[in-house]
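Here come two complexes built around chain A, the first alongside chain B, the second alongside chain C.
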Partner chain A sequence: MDRVPILRIGDVLLVSIQVDLQDQGVLDLQEDLAEQLSSVSARGVVIDISAVEIVDSFIGRMFATIASVSQLFDAATVVVGMRPAVAITLVELGLTLGNVRTALNLEKGLEILRSTTIGRTGAGWAQPPPEATR
Partner chain B sequence: MDVGAQHLAQLVELLRTNSEQLIHRWVELTAPSLRGRLTEAELQSDSRDLFDALQQALATTASIDDAHFAEVKGLLEELSTARARRGFTPTETAVSVFTLKQAVSELAERQDDATLYRQVLSLSALLDALGLRTFEAYARTREGIIKEQSEQLLELTTPVVKLWDGVLAVPLVGTLDSIRTQIVMEKLLQALVDTGSEHAIIDITGVLAVDTQVAQHLLKTVMAARLMGAECTISGIRPQIAQTIVGLGIEFGDITTKASLSDALRHALRSSGVEVVARTRTAG
Partner chain C sequence: MTELGAESARLAITGDDDVVRVRQLARSYAQQLKLSLVDQTKLVTATSELARNTLTHGGGGAAEISIVRDSRRAGVRASFQDSGSGIPDIDLAMTDGWSSGNGLGLGLSGARRLVDEFELDSAVGRGTTVTVVKWGR
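Our next item is the complex of A and B:
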């Protein structure tokens, strides 16, 4: 059974999902990630799903679960590179990603993490970007 | 050979011996109704082909459902399709079949033969059925044309334009239905990925009516864009539409809506850190 690699870049953990995940793979990933988070004091988790073409409700919930787990280790979660078809599917399924932030690509995702740890602001999921003062 | 063929023997003979005369008379009768939109030569060759096929089919059978009539039907459909595309009315096309009846009965009258006359009557019934077929083919062709046009319209009316670095806009015009909104949604989301834009503006100034379903689609688009990490603003809601939305109890939640496209652009620019300032003119 292939495991999804979890790469460490500085204090960010990068999870790049390159295969279509089965339910067992999702559970394995959650387990591995929790272990990594507890051993490395990461401040952020980036999940790259630019290669994922098919999602179901189980994977949809995975993002929220990972975000909640990361939250316990004081790490923010950003999902990057979601394809339009996947986004449409998730909306049709009626899934919200809870407190997961999203970004168009890896670069923007890392940027969001940087800004959240510095000032806890910046564009992202759930809150509209703050209005600049006049 | 079935009974019908025997039954029409005299008529078939009449058609065969007088074919030139009949075709000539047929063309002569048809020409005025087409009012010169078809050249004499074209009409002549159309009529000749049809006449020959009809004559051959009649030699074996008198039943229009028989396989021998396949060629006649094929020719008629072709003719009707071609004329529909050239803007003839279905009546004009059908008349060019019906006039053959007149041509044949004129000829038969002169023969003063009761049997032949009965056969001409059954030919007339047959031509009526064929004439109706031209109607069917005509309607089919027109439907095809309408479908093509609506598809072209669909492509034309959903452009995604770039307003600024990282700001995309979709100006929606006309009536929104499920299919169109679906296309807009997919196009917009794909454009967001392709350009790496973090802001999208859906401008509905040109939209005349919004119902619950359309609103639902718009909301879904905004949600999907958010899932991908982009912020979506809706602008240009008309006063009547605003009334409708409130009346229907549609909740836009925390989705940003702005009065005009320029407001939405300003909002997008601000949140991406760009400030638009009027340049003060320096003296001298």
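Our next item is the complex of A and C:
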């Protein structure tokens, strides 16, 4: 099965999900991202789901896992481009994405990464990450 | 996939890729009935949760997806059957956050919230059947 490509743009890893992911594909992506995070010095991960038609509990959990793993590598994760129907469905499903940051689109997501990593120290957050700027 | 006439099909669920096929089939029926995009998304998400349950908790099984009609409206019905160990405590299994595996415990309770009708039939040692319907408006 095809793996979801992870693009590196500067110090940001960009994942754009363009296929209907099987559960194994979700697990592969988690592993690939962890691998990338450990080998390059990324300060952020952006997951673009603008092409994703459904987010069920398995995919939702992937976002939370990726966010937690990336934090261990001192990187922040932002999920961008959620479709309105997906957002409504997630809320009714009862899935909260925990600590996962979300943004309207790629541009806003990159803005969030810029603002949350200002003042970052090697040991983690120098201060609590500011709320998303709108 | 076995076509059971133009408005019904049966799919075996034995692997990850079958969960994706169930989603695609449910979506194609929902589109055929011109369900709203939100209703399509809810139905497809519910079928994804239930197909995964069939696979991981029931040890595999089958899904039957059909278009159903009453005097006023049409909808999509999805039924999932397995011959697994069954659910010992249905009330507990329907509780948000309770999981017998390593999931989030939102599969059954979450799926129920996304559809209009939900029926669960399970007996220990005999297996589980879950049937859901999403009606067009």
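Annotations for the structure displayed:
Just so it is clear, the second predicted complex is superposed on the first by the 118 of 134 C-alpha atoms of A that agree within 3 Å, B and C clash if a C-alpha of one lies under 4 Å from a C-alpha of the other, contacts with A are read in each partner's own complex, and residues count from 1 in each chain.
By our rule, a contact is a pair of C-beta atoms (placed from the backbone, for glycine too) under 8 Å apart; a residue touches a chain by one contact, two chains touch by 3 or more.
Just so you know, these numbers come straight off a predicted model, no measurement behind them.
In the superposed model, A:V80 makes contact with chain B only, not with chain C.
When the shared chain is aligned, no partner comes close enough to touch A:L7: not chain B, not chain C. Applying the stated contact rule after C-alpha superposition, one finds that A:A51 touches neither chain B nor chain C. In the superposition on chain A, contact of A:L72 is made with neither chain B nor chain C.
In the superposed model, A:I88 makes contact with both chain B and chain C.
The residues of chain A shared by its contacts with chain B and with chain C are 83-84, 86, 88, 92. Taken together, the chain A residues at the contact with chain C in this complex read 20-25, 53-58, 60-61, 83-86, 88-89, 92-95. Interface residues of chain C, counted against chain A in their complex, comprise 16-17, 19-20, 23-24, 27, 37-38, 40-42, 44-45, 48-49, 52, 96, 103-104, 106-107, 109-111, 113-114. Within the complex formed with chain A, the residues of chain B that make contact are 185-186, 189-190, 192-193, 196-198, 220, 223-231, 254, 256, 267, 270-271, 273, 275. On the chain A side of its complex with chain B, the touching residues are 79-80, 82-84, 86-88, 90-92, 97, 101-105, 108-109, 123-125, 128-132.
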